[in-house]
Structures are given as structure tokens and as C-alpha cells.
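Next up, some structures in C-alpha cells.
Next, two complexes with subunit A in common: one pairs it with subunit B, the other with subunit C.
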Partner chain A sequence: MGVEGIGASVVRKEDRRFITGKGRYVDDVKLVGMTYAHFIRSPHAHAKVKGIDSSAALKMPGVVAVLTGQQIVDDKVGNLICGWAITSKDGSPMKMGAWPAMAPETVRFVGQAVAVVIADTKNLAKDAAEAVVVDYEELPAVADVRSAIKPGAVQLHPEAPGNIIYDWHIGDEAATKDAFSKAANVVTLELTNNRLVPNAMEPRAAVADYDAAEEHYTLWTTSQNPHVARLVLSAFYNIAPEHKLRVIAPDVGGGFGSKIYIYPEEMVALWASKKVGRPVKWTGDRSEAFLTDAHGRDHISKAEMAFDKDNKILGLRVKTHANFGAYMSLFSSAVPTYLYATLLSGQYVIPAIYAEVVAVYTNTTPVDAYRGAGRPEASYLLERMMETAARQLKVDPAELRKTNFITQFPYQTPVIMAYDIGNFHASIDAAMKAIDYAGFPARKAKAKADGKLRGIGLSCYIEACGIAPSKAVGSLGAGVGLWESAEIRVNPVGTIEVLTGTHSHGQGHETAFAQIISERLGVPISQVSIVHGDTDKVQFGMGTYGSRSIAVGGAAIVKAMEKVEAKAKKIAAHALEASESDIVIENGEFKVTGTDKSIALPMVALAAYTAHNLPDGMEPGLKETAFYDPTNFTFPAGAYICELEVDPGTGKTSFVNFVAADDFGRLINPMIVEGQVHGGLAQGIGQALLEGVVYDGTGQLVTASFMDYSMPRADDLPSFKLSHTTTLCPGNPLGVKGCGEAGAIGASAAVINAITDAIGNNKLEMPATPDRVWHAIHG
Partner chain B sequence: MYETTYHRASSVDDAAAAFAKGKDSKFLAGGQTLLPVMKQRLAAPSDVIDLSKIKDMIGIVPTNNGIEIKGATTHYDVAESSDVQKAIPGLAYLASVIGDPAVRYRGTIGGSLANNDPAADYPAAVLALNATVKTNKRTIPADDFFKGLFATALEDGEIITAVSFPVTAKSGYAKFRNPASRFALTAVFVARSPSGEVRVAAAGASQSGVMRVGAIESALTTNWSASALDNVKVSASGMLSDIHGTADYRANLVRVMAQRAVIAAG
Partner chain C sequence: MSTVKLTVNGRAVSVDVEDRTLLVHLLRENLNLTGTHVGCDTSQCGACVVHVDGRAVKSCTMLAGQAAGCNVTTIEGLAKGDELHPMQAAFRDNHGLQCGYCTPGMIMSAVDIVHRHGGKLDEETVRQELEGNICRCTGYHNIVKAVLDAAGRMKVAQAAE
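Let's turn to the complex of A and B:
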């Protein structure tokens, strides 16, 4: 490892501009003649739009236009799409209701846009919006799954009778039934996975600029995947053909999944920029983020697990209802199916699994992938089940897990996934040692003497990252392939630009990816630039989500590097009059092994571009492209243990200790990995203790601001003790697995298991607020 | 934010005159409630009259029988005042846990009392310490000042110039924060006067705003100790109930926070 190579905790290159206020975000883009958009949003969860009177608004100063949903339909802008086709048990395709970018006839959630005001300033647009009169005819609304599937419930979409989008299943029903018939013990559990608001620090924003001379659009947008955005805007929304549409996602302040999707606001900004003949900017405010950013999670599940007399798991049966909100967001259909139920085997040998998932429309904000996307829901269910089972079977929860761990790899689960490698005993042993698991009973007794209820909770998660072999996801209904591209340009002076189709919005790609180059060539990372987020610069890519950037994007970089190195070695061998096979790369030099002859990288690069003395037949230049399609998912796994105290007087939880032992394969930059784990744990703990969306019966969002939606703050969190156990991923050239979501996937169950252990009552839902915990203690 | 006209008042009289001239005037003290509300377009005052630079309205003055805090004194200054820390330690502590540092540098005692947010901290101290609110027109005893949620005895255009706190033998404050807003989900101030009178006020709990808690006052009058409250029943009737805490939870918190305030008071 060089000082800046793989495994070095190099300080992040990008942080200098971020912490000195020099980051360039979408809202920083200012164009000549730019106008500002302000959306008029439905105050009702379900209503008919009977009419929109914008005559008064149009007379107000600075107002350029008021555009409505009917106009967007008239202009044949396409409806929003869902990009993953799911088939129900009965063979029927999923039942998707139409979602126009602005509602021409019917609104189905509070905050859905019906019209947009375009004006010279943001304030004038807001003033004019207040003068637009929308005539709504209110309809009955349904905000929760249980009510939505009741017979006679109000229907959201004519396409989806009973508000059911699909009724899907996976696994072997008969084998699972058979397993339960042989069980010595059956453990049952009902639980809710609470709905969350992503709350990236930077709200969504768009600047759209139509160039009439070239009939060309440019869109600056807060996107995790600008190429997919261009593809969808072009192929499905009819905004413009791809060569007439440039999408730029500059610095983006966090996404957590919520910026994967192509939202109505970006579409409207593009469409409006041509209509008004001026650039259009829209910057969402926090209230709009609460109402319109795709929410996460929102499952209710019933699970049963069968055990034999030796506490070995025989089978698992799960039925889940997933709340999709009012419309199917871009990847919503995949989240509670192929990203959830395929992880229900966890770290355990479970011979038979059968899971059913019913997807349901409600009059709420659409739900889609949010940090972890399906895997947190699976892990939470399974790890609460293991803890519940241990208590019912009267065995130590760590022992019950160890009894059932998978130890032979590769391991084919009954639910599609084939785990390539892992060492679950190593993780749990490391975590138990770090927290002094054996000493817990004595600590609990001492806390009791001080009037505190102390508990300990485990969570052994496994997840699937690096999505995924394109052929495999295609066969499961995905509308896209999930490979990644990389282009490496060695400039004539030896500096290097790496163009990647992934997108960094907090992950530190500019540093970690440069470290891969540094490792291979021995050049400092200051000589390497990472270029991303612009469809005019990077040929194509699938973006960043599902912890795929290093496992898929990093592998593409390695593949392109191999091509660059092969050509550079040929040039070096030619220059040094040596055999190509004798050339080795060290510290930025190409050396003839066993001699003192060498040529530095800049000289090799210069030779490639002057082309005065290249091997016969070689093309000039030193630039290579690679596309990498993964061979499998990667499977990060680990063990988290949480020790905490509950104040019986208030129900408030205080952390004593939180240890994490993760296996992410090879670490490129351990400091960045640590930061990713901290952030993930904060969100997992946030879900467990603080965050939870509440709608009232009429579909009004009660938790519509930080006054009522509780985000985790630094003083809500313990000082995490992190450690790593390592099995290198055999499926990619870097041996990496991905680390972006693990914390959010594993933390929630550890926290809730610890609280329920402390209070001696397993009936507790997230978020475990002081009020809920106090009631669980005192009834 | 809608357009408004800003006035920086140089004296209390100047402020009152400017207020009277405006069509729909509002006083601005620390701006910790008014400005966020205006930014959300939920308030549209024609004129905003800033009291925070009036010299006569800033400062903490020890008096013969207690301490007087001028209306535009910030929470930070109250928390840091050695006079307050010495005379009424519970009050200095209360000021030190209002909001966050940014709020404490800007927010003022007069602004907090005039707004009378049911989840604010100062009203509980003013009520439990039996303070007197001084305005540019009159003085108002604490028991007559608070009139329910966001309502006070103040008349239109009346300015809180100072709050006068009598000396106290014991004072203590315990706050249980709303996990989201960090306002008081329920908070209790306990005070015992040199003559032995016990007054206890709870914020964040009642549907009628800050309230005195008779059951706890009588228990503490008999026996000034946390354990004296072990079996006191606080009724959940009339308590606030929302997603952060049910009425019975808040009733429990009134008792538990009172116990912790007594322990803090010593």
C-alpha cells in the first residue's frame, strides 16, 4: 500500500471546497434571464381539480406564466414511470395508475402539484401563487394500508382494483408448510417498519435551460444518476431526444435514495423553459421536501419461524403489506420484493422460506428506496424474530444465532441470493468481545440498583450491494442494466482524469477512486481528477445507490486501468528497448525489472501523444474505456450490539455502548468507511428511536417539519465502537463489498432488541419514543 | 416573507409611538418566533418594531428584595449572570437550557413571556417564582399574566419592560424535551419562598398553557423532598395529547419532572 493507495485513510480531497463554502450546487447556478418556478400544491389528500383560475395572478408584477397539469397533458409530456415490472402470484402484471407531472384531474396526496407559476423572482412567484384559485372537490381519502385494503375503501386508481398494485410471492410455499408441520416450536411476530422522510441536507432543485437555436436542453439537477435521468426524460417523458438533452448533477448535498428518481418538478422545469423561452429555476424548500421527496420503508408484516427441538430453524413464513403511497415511484416496485424478500434468509440456514408481499396504494406521498431499500426491512424483521425466538426458547440470543449461522460458502438461499463469502462467527465474536457480552448480567444488576433498566440487543445483518448482474436483474423485471462504465484519460503531461458513471453526493468518490489509481500507478492522488455527474462528459453510467459505486464503479475503473497499463507498458518497453513482459510499474515509473532502466509516467504519456516513436501499428493516445457488469451481488455482513438504559420515570433511552463489527471486504479508505458507517448507524438509530411519519385519517401529513419529525442529532447518538472482520469478495477485482447502507440496515433491530430486553416487553414499535417506551413499561 | 417596514426603536416611548402608527404592527424582541413565522408567510405585519436595541430594556439589576431582569435581556445574559446564579439558581439554569446557543444569544425574556408559547420555559419560572411583569403601562402579577395558549394579559401595543423576581429560598427546574423540536414536552419549575410558600408551575403539559400544580405544591409544602411526590396523583384531565406524548404520559412527566426539579433545587 502506498501512502495514498488502497487502505490509506487519506483526507477527503473534496472536503476543502465543501467546508470553505466553495461547493457548487444546483441552486448556485445562475443564468441570464433566469425565471423562478413556484408550484401550487394540493392541500387535500384526495380531490378532483374542477378548475384553475389564474387570471388575477397573470396580471401581477413579474409573472411570466401560470402553467397547469392540463397543459402538460396537452403537450404530450409522458406520465411518470416505474422502471421495474413485478408480476403477481396469479401471473398478472403489476397494476400501475397514471401519474402526470402535474395533476390535470385528480390529486391523490397532499403536496401534489396542480400548476406552476413562473416569475422573475422567487418571491413574486410565491405572491402570484397565492392569487391562483384552484377549485377542488374533496374526495374521501385513505392514508394507511389496513384501511386501503378494506372492502369498500375509496379507490385511488381505476387501474388498481382494491388499491392493490400486486400480490407477489417468493420461495416454496409447500416446503415451508411442511417445515412448520415438523416444528417443535413456532415463534410469531407482528411488526411495523415505520415510514421515514429522507431529509437530505440539500433540498431537491432544478435549473432548466432551453436553447432554441440548437433545440437543445440543459438540466442542472440534484440527481444521484444523471444518465438515467436523461434516459427517462428522453425515452419516456418525451422532453427531448438524448443528444438534445444534457443533464448535469453537480455537487449534491446528500441523497439517501431520494435523488435517484426523476420527479415532476424537473420535468416541469424543462418543459416550462421551452414554453416561456427563458431558463427556469426551481429550488424546493424543506416543506416541499417533506411532502414530495419519496418516503422510505412503511411495511406491516406478520412473520412465523419454525424451530426443531435443537433450536435449528426449519422454516420462515412472512406476509408483508407495503404502502406505496399515491403513485408508483421509479424503483418502488423492486424495493419490497427483490431488495427485501431475497434477504429474508439473513445469516442463517433456513431450509424453507415463503414470503408474500402485497403492494398497496394510499393517499400519501409515494414511497421508494431509502438508504438500505428493502434490506433494512428484512433485517429488522429477521433480527427481531431471532431475539423474540431466543426469549421464547429460553436460550441466549447470541447462541441461537450461532446455532443457525451459515458457515459454508458459497451458500444458495431459498430466496434467489447466492452468498459468495462471509464469516458470521468472526463478526459476532468480535462484537461480543468489544462490548464485554459476558459481563452484561453484572452491569444490568448494578444499573437496577441505580433505578435504571438496562438492556442489550444484537443484530446480525447481511445485505446485498453492488446491484447487480444485468442479465439477472433483467430476468427479474428491471428496466435497465446495472453495469458501470469508466474512462481513464492519461493526459500528455501524465495527469489522469477518471470519468465514472457513478455519482458522488457525499460518499467521497473523488478521493477513494483516486486512491485506486494511486495504488496501481504509484502517483499522488493530487494528479488524479474524478469526473462525474455530467452526461456531456461521461459517456454513460447507472449512478450511485445500493452501495454499488465501489463494487461496480470501482471494478470498471480497474478494468479500464488494466487496458491503460497494458498500452503504457508497450510504449515503455519500446522506449526502453526491453521486453514488455519485463516492465513493472512502481512509484509512477515504468521499470525494466532487475535493471536500473526506467521511464516516468509523464514521459510515457507524452510519447503516446507525440506519437513520434510508438511501436509499429499502435494508435496514438492513452485513453481507455471499460464497461463492467458484476458477476453477483456483494454481501456485506456484520454484527451490531447495543447496550442501553431506559429511565422508567420518563421512558427515555440512553446509550451505554454501541459496537459494530462489519465485513465489507477490502477497505479502500478506512476513514471514509468509518464515516459511512457512522452516518448509516445514525439513520438506523434515528428510525429506531426518533423518526416516524404520521398521517392523520384524512391524509394530512402531521410530521411535516422538524418541529414534529425528529431527526437524529449528535447528542442523540453514542460514540460508536467500530471494527472490521474481513473476507475478501471473490466476485470483483478489488475484493470490495460496499459500506454505504450497512449501518442503516443493521442498527434498528439492535436498538429495539436492547430496549425490549431492558423493559421486559417485546410489544414495541419504532420509533421507540419515550412516550411509547413509558407506556410499554407501565401499560 | 412578505414585505414589511422595519423600525429600530431608540426608546420604549419611541417603540410605542411607532407601533401605534403602523396598520398592523408587531414588536420584534429576539425574533425567535416572529421571524420564522414571517419567513413561512404565516404572519404579514405591516411594521416590525425592534425593541432589542433599546438600552433601557437590557440588563439585570439586583433589587432590595430580589432581582429585576429588563425585558430585552437575552437568555444567554440571564444564564451567565452571577447575580441571577446567586439569587435564583433555578432561573439561571432554566435560561441556560432554552433552545440552543443561537436561540439563547438572540431570544429575550420579554419576547418569550409576551409570546407565551405553552412549551416555552420562562412562563413556568415567572409563575412559580411569583414574579411581577412590568410594562410601559402597569405592573401585572404572574398569576394574572398568563391567559392560556399564546395569550397573555398584555394589551395591544403594551411592552414588557422588565420582570421582577422576589428572592427565593429554593428554586429548581427540570425539563423533558420534545425529541423533535427540543421545546419542553413537559417542564416543571419548583420554588420555595423564604417564608416557606411553595409554588410549582408546569409548562408544556396543560391545554390551558402554563399552570400551577396544586397537588404537588401541597405535598412539597408538607415535605420538601422528591420522595414526597412518589405517590402524588397528577390528573391527566385537561392535559395536551399529541404524537409526542399522550395526556397520561404528560401527567406522569409533571410528577417526575417536579421530583427532579426538587432534587436540583436541593
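Let's turn to the complex of A and C:
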């Protein structure tokens, strides 16, 4: 490893602009003649839009236009799409209701836009919005899954009878039934995976600029995947053909999944910029984020696990109802199916699995992928099941897990996934050692003497990252391929630009990707620039989500580097009059092995561009492109253990210790990796203890601000103890697995298992607030 | 409209704003100091923290007019030229930031915390004092480390002066 190569915890190149206030986010973009958009949103969860009177608003100062849902329909802007087709168990396609960018006739959740005011300033737009009169005819609403699937429930979409989008299944029903018939013990569990709001700190925003002379649009947007945004806006929403639409995602203040999707506001901003002939800016406020950013999770599940007399798992049966909200968001359909049920084998040998998933419409904000996306739901269900089983079977929870761990790889689960490699014993052993698992009973006894209830909880997660290969996901219904691209430009003076189709919104790509180049060529990372987030600069790419950037995007960079190096070696060999096979690259120099002859990278690059003395037939230049399509998912895995105390008098939980032992394969920058784990753990712990969306019976969002929705704050969380075990991923050239979501996937079960262990009552739902915990203790 | 005269990052400025203008909007929209961010609409998140006469203030809770005559420092005014403030350097060195959106407010709050507590900071105090700043990326682990690190650096810097 070089000083700045793979494995070095170098500080981030991108930090200087952020710590000096020079980051450039979408809301920082100002254009000449810019107007400001303010959306008029439904206060009702379900209503007919009978009419919109904007006459008073149009007379107000600075008002440029008031545009309505009917106008966007009349202009043939396409409805929002869902990009993954799921087929129900009866063979029928999923049943998708129409979702126009602004509602012309019917609103189906609080916050859905019906019109937009465009004005000279943001305040004038807000003032005018107050003067727009919308005539609603309120309809009955249904805000939760159980009510939505009852016979006679309010119907949201004519396309989806019974409010059911699909009724899907996976696994072998007969084999699972057979497994249960042979069981010595059966453990059952019912649980809810609470709905969350992603709450990236930067609210979504869009600046749209239409150039009438060129018939060309530019969109600055808070996106995790600007090329996918351009594709969808172009191919499905009819905004403009791709070559007439530039999408720029500059610095983006966190995503966590919520900025994958192409939302109505970006569509409307683009459409409106042409209509009013001026640039249009929309910046959401936090209240709008709560109402309109895709929410996460929201499952209700029943699970049963069958064990033989030796506590070996025989089978698992799961039935899950997933709340989709009022419309199908872009990747919503894939989350509770191919990202959830395919992970239900966890780290365990489970010979037979059968899972059913029913997707349900309700009058709530649409739900889609949020950090982990399906995998936290699977991990939470399984890991609470293992803990519940250990208590019922009266065995140590760590021992029960070890008894059932997969130890032979590759391992084909009964639910599609083929795990390539792992060492689950190594992770759990590392975590147990880090927390002194053996010493816990003594600590528990001491805490009891002090009047505190102490508990310990484990969670052994596995996840699937870098969804791939494209052919496989296509056969499962994905509307896109999930490869990644990279372009490497060695400039004539030897500096290097790497253009990647992934997008960094906190992950540190500008540093970690440069380290890959530094490792290969021996150049300092200051000589390397990472370019991303602009469809005019970077060729097509799929963006960042699902912990895919290093495993897929990083591998694409390696593939492009191999091509660059091959050509550069030819040039060096020609210049040094040596054999190409004798050229080695060390510290930025191309050397003839066994001699003192060498040529530095800048001279090779210069030779490539002057083209005065290249090998016969060689094209000038030193720039290569690669498209990398993985052969499999990667499978990060690990063990988390939480030790905490509960005050029986108040129900308040206090952390004693939280340890994480993760296997992410090779680490490019351990400092960045650990930062990703910290953030994921905070979101998992937030789900377990603090966060939870509440709708009232009429579909009003009760938790619609930071005053009502409990975000994890610094004093809610402990410092974490992290460690790593390593099995290199055999499926990609870097041996990496991805680390962005692990913490959020594994943490919540560890926390709840620890609380239920402490209080001796397994009936506890997330978020485990002091109120809930107190009632679980005292009844 | 009113004319508000104040000092921002050491420079005297005079700005014509609507009476309802918040300090954060004066900074962002009128002075183009976009390092100060808006992350919520209920004064909870702290992304907009600046220093007003040396004290940390959420600039979304203060009318621009209330800052008349005040000395305001934003994240852009914290470093001395190319020399980072010890808190800025500590955030970078401890990986106390990821997406960077909460970072300016976090740093401005943290400087105030160190000023108020001197060298007596411990982890628990830092965590309690950061209650008014929300970060969604870091889990606060490295932010807490950065603040404690910077407290030491600022003490050393102060001793040297």
C-alpha cells in the first residue's frame, strides 16, 4: 500500500470546501431572472379537486404564473413511473394507479401538490399561494394497512381493487410446510417495522433553466443518480430528449435513498421554466420534506421458525404486509420483494423458506427505499426471531446463532441469493470479545443491585449490495441495468481525471476513488480529480444507492485503469526501447524491470498526446472507458452487540456499550468506512429508540416536523466500538463489498433484543420509547 | 423595506431587506454567503448557526433587523485567510463531516461550546451541548471527537497568543 493508496485513512480531499462554507448545493445556485416556485398542497388525505381559483393570486405583486395539475396533464407530461415490475403469485402484473406530477382530479395524501405559484421571490410566491382557493370535496381516507385491506375499505385507485398492488411470494411453500411438520419446536413472532422519514439534512431542491433558442433544459437537482433522472425525465415524462436535457447534481446534502427518485417538483420546475420563459427554483422546506420525501420501511409481519431437537433450523415462514402509501414510488415495488424476502435466510442454514408479501395502498406519503431498503426489515425480523427462539429454547442466543451459521461457501439460499463468501463465526467472536460477553452476567447482577435492568442483545446481519448482474435483475423485473461506468483521462501533463457514474453525497468518493488510482500508479491523490454528478461531463451511469459505489463503480474504475495501463506500458516500452512485458509501474514511473531505465508518467502522457513517437498504428491520447457489470451481489455481513440499562422507574434506556464487527472485504479508506458505519448505526438506533411516523385515523401526518419526529441527537447515542474481520469478495477486482447501509441494517435488532432481555418481556415494538418500555415492564 | 447596517465577517455592510427577512436569508440571499444553511423550519436543526457578537445564534430565529449594529461571523469568516480555525481543522482530521450540510452550523456551535466551557469539556458535555444541531450522516461519533480535539488545539493556540 502506498501512503495514499488502498487501505490508508487519508483525510478527505472534499472537506476543505465544506468546512469553509464553500460547498455548492442546489439552493446556492442563482441564475439571472430566476423565479421561485411554491407548491399548493392538499391539506386532506383524500379528496376530489373540484376547482382552483387563482384569479386573486394572479393580481398580486411579483406573481408570474399559477400552474395547475390539469395544465400539466394537458401538456402531456407523463405520469410518474415505477421502475421494477413485480408479478403476483397468481401470475397477474402489479396494479399501479396513475400518479400525475400535480393532481388534476383527486388527491390521495396530505401534501400532494395540486398547483404551483411562480413569482419573482420566494416570499411573493408564498404570499400568492395563500390567495389561491382550492375547492376540495373531502373523501374518507385510510391511513394504515390493516384498515386498507378490510372488505369495504375506501378504495384509492380503480386499478387496484382492495387497495392491493400485488400479492407476491418466494420460496417453496410445500417444502416449508413439510419442514414444519417435522419440527420439535416452532417459534412465532409478530412485529411491525416502523415507518421512517429519511430526513437528509439538505431538503430537496431543483433549479430548472430552459433555453428557448437551443430548446435545451438544464436542471440542478438534489439527486443521487443524475443520469437516471435524465433518462426518466426524458423517456417517461416527455420533458425533453436526453441530448436536450442536462442534469447536474452538485454537492448534495445526504440522500439515504430519498434522493434516488424523480419527484413531481423537479418535473414541474422543468416544465414551468419553459412555460414562464425564466429559470425556476424550488427549495423544499423541512415540512415539505416530511410530507413528500419517500418514507421508508412500514411492514407488518408474522413469522414462524421451525427447529429440530438439536436446535437446528428446519424452516421459516413469513407473511408481510407492506404499506406503499398513496402511489408507487420509483423503486418501491422491489423493496419488500427482491431486497427483503431474498435476505430472509440471514446468516443461517435454513433448508426451507416461504415468504409472502402483500403490497398495499393507503392515503399516506409514498414509501420507497431508505438506507438498507428491505434488508433492515429482513434482518430485524430474523434477528428478533433468533433471540426469541433462544429464550424459548433456553439456549444462549450466541450459541443458537453459531449452531445454525452457514460455514460453507458459496452457499445457495432457498430465496435466490448465492452467498459468495463470509466468515460469520469470526464476526460474532470478534464482537463477543469486544463487549466481554462472558462477563455480562456479573455486570447484570451488579446493575440489578443498583436498581437498573441491564440487557444484552445480538444482531448478526447479512446484506446484499451492488444489485447485479444486469441480466439477472432484468429477468426479475428491473427496468434498468445495474452496471457502472468509468472514464479515466490522463491529461498531457500526467494529472488524472476519473469520471464516474456514481454520485457522492457524503460518502467521500473524491478521496476513496482517488486512492484506487494512487494505489495503481503511485501518484499522490492531489494529482487525481474525481468528476461526478453532471450528465454533460460524465457518460451514462447508474448513481449511488444500495452500497454499490465502490463494489460496482470502483470496479469499473479498475477496469478502465487496466486499459490505461496497458496502453501506457506500450508507449513506455516504445520510448525505452524495451519489451512491453518488462515494464512495471512503480511510484508514478514506468520502469524496465531489472534495469535503471524508466520514464515518468507525465512523459508517457505527453508522448501520448504529442503523438510524435508512438508505436506504429497506435491512436494518440490516453483516455479509456469501462462499463462494469458485476457477476453477483456482494454480501457484507457482521455482528453487532448492544449492552444497555433500563431504568424501571422511567422506562428510559441508557447505552452501556455498542460494538460492531463488520466484514466489508477490503477497505479502501478505513476512516471513511468507519464513518459510514457510525452513521448507519445512528439510523438503526434511531429507528429502534426514537423515530417513528404517526398518522392519525384521517391520514394527517402527526410527526411532520423535527419537533414531533424524534431525530437522533448527539446525546441520544453512544460512542461506538468498531472492528473488522475480512473475507475478500471474490466477485470484483478490488475484493470490496460495500459499507454504506450495514449499520442501519443490523443495529435496530441488537437494541431491541437488549431491551427485551433487560425487561424480560419480548412484546415490544419500535420505537422503544420510555413510555412503551415502561408499559412493557409494568403492564 | 428597511436598511440594515451590520458587520459581517469584519466587513461593514448595509442591506435593504423586507422587514420579515430573517438573518439567514440576508446572509444567503443578499450577501451570497451560502455557507450558512437552512435545514428545517422550526429552529431545530442548527444548520444555520452563526456567531452574533461572539455568541452562537440560529440565524433562522433572528430577524435581519435584530442584527442591526451587530458583529456577525459566518463559516466563511472563521478561518484566518488560508489558515483554518482549529475547529475546522479538527473536523477534517477526525472525519467529523460527510455530506457537509450540517457542518457549518455544527462548527460554529462547537466553537461557541469550547469558548463557554474552556478546557473543561468532556464527551458527555459535548453531546449535551450539541443538542441543537442535527447531523444525519455521522452518528455524531466523529463530531464529538473533533470538538474534544479542537478544544485541546484552541487551548494551545490561546496559550501561544
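In the analysis below, the second predicted complex is superposed on the first by the 779 of 779 C-alpha atoms of A that agree within 3 Å, B and C clash if a C-alpha of one lies under 4 Å from a C-alpha of the other, contacts with A are read in each partner's own complex, and residues count from 1 in each chain.
Keep in mind that, in the parts below, a contact is a pair of C-beta atoms (placed from the backbone, for glycine too) under 8 Å apart; a residue touches a chain by one contact, two chains touch by 3 or more.
On a predicted model such as this, the values are computed, not experimentally measured, just so you know.
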{"item": "Touched partner set for A:P602, first subunit B, second subunit C, both or neither", "value": "neither"}
{"item": "Partner chain in contact with A:L681 - subunit B first, subunit C second, else both or neither", "value": "second"}
{"item": "Touching partner for A:M707 - first (subunit B), second (subunit C), both, neither", "value": "both"}
{"item": "Partner chain in contact with A:G253 - subunit B first, subunit C second, else both or neither", "value": "second"}
{"item": "Residue contacts with subunit A in the superposition, subunit B compared against subunit C", "value": "C"}
{"item": "Subunit B versus subunit C as contact partner of A:G7, first or second or both or neither", "value": "neither"}
{"item": "Which superposed partner A:D28 touches (first subunit B, second subunit C, both, neither)", "value": "second"}
{"item": "Footprint overlap on subunit A, where subunit B in one structure and subunit C in the other make contact", "value": "123, 706-707, 711"}
{"item": "In the complex with subunit A, residue positions of subunit B that touch it", "value": "1, 41, 176, 179-181, 185, 243-246, 249, 252-253, 256, 259"}
{"item": "In the complex with subunit B, residue positions of subunit A that touch it", "value": "123, 126, 649-652, 689-690, 694, 702-703, 706-711, 716, 769-771, 774-775, 778"}
{"item": "Subunit C to subunit A touching residues, read off their complex", "value": "18, 20, 28, 32-42, 44-45, 47, 74-76, 78-79, 84, 88, 91-93, 95, 97-104, 107, 123-124, 126-128, 130-131, 133-144"}
{"item": "In the complex, subunit A residues that touch subunit C", "value": "11-12, 14-25, 27-28, 30, 123, 199-203, 251-254, 256, 285-287, 505-508, 671-672, 674-675, 678-683, 705-707, 711-715, 717, 719-720, 743"}
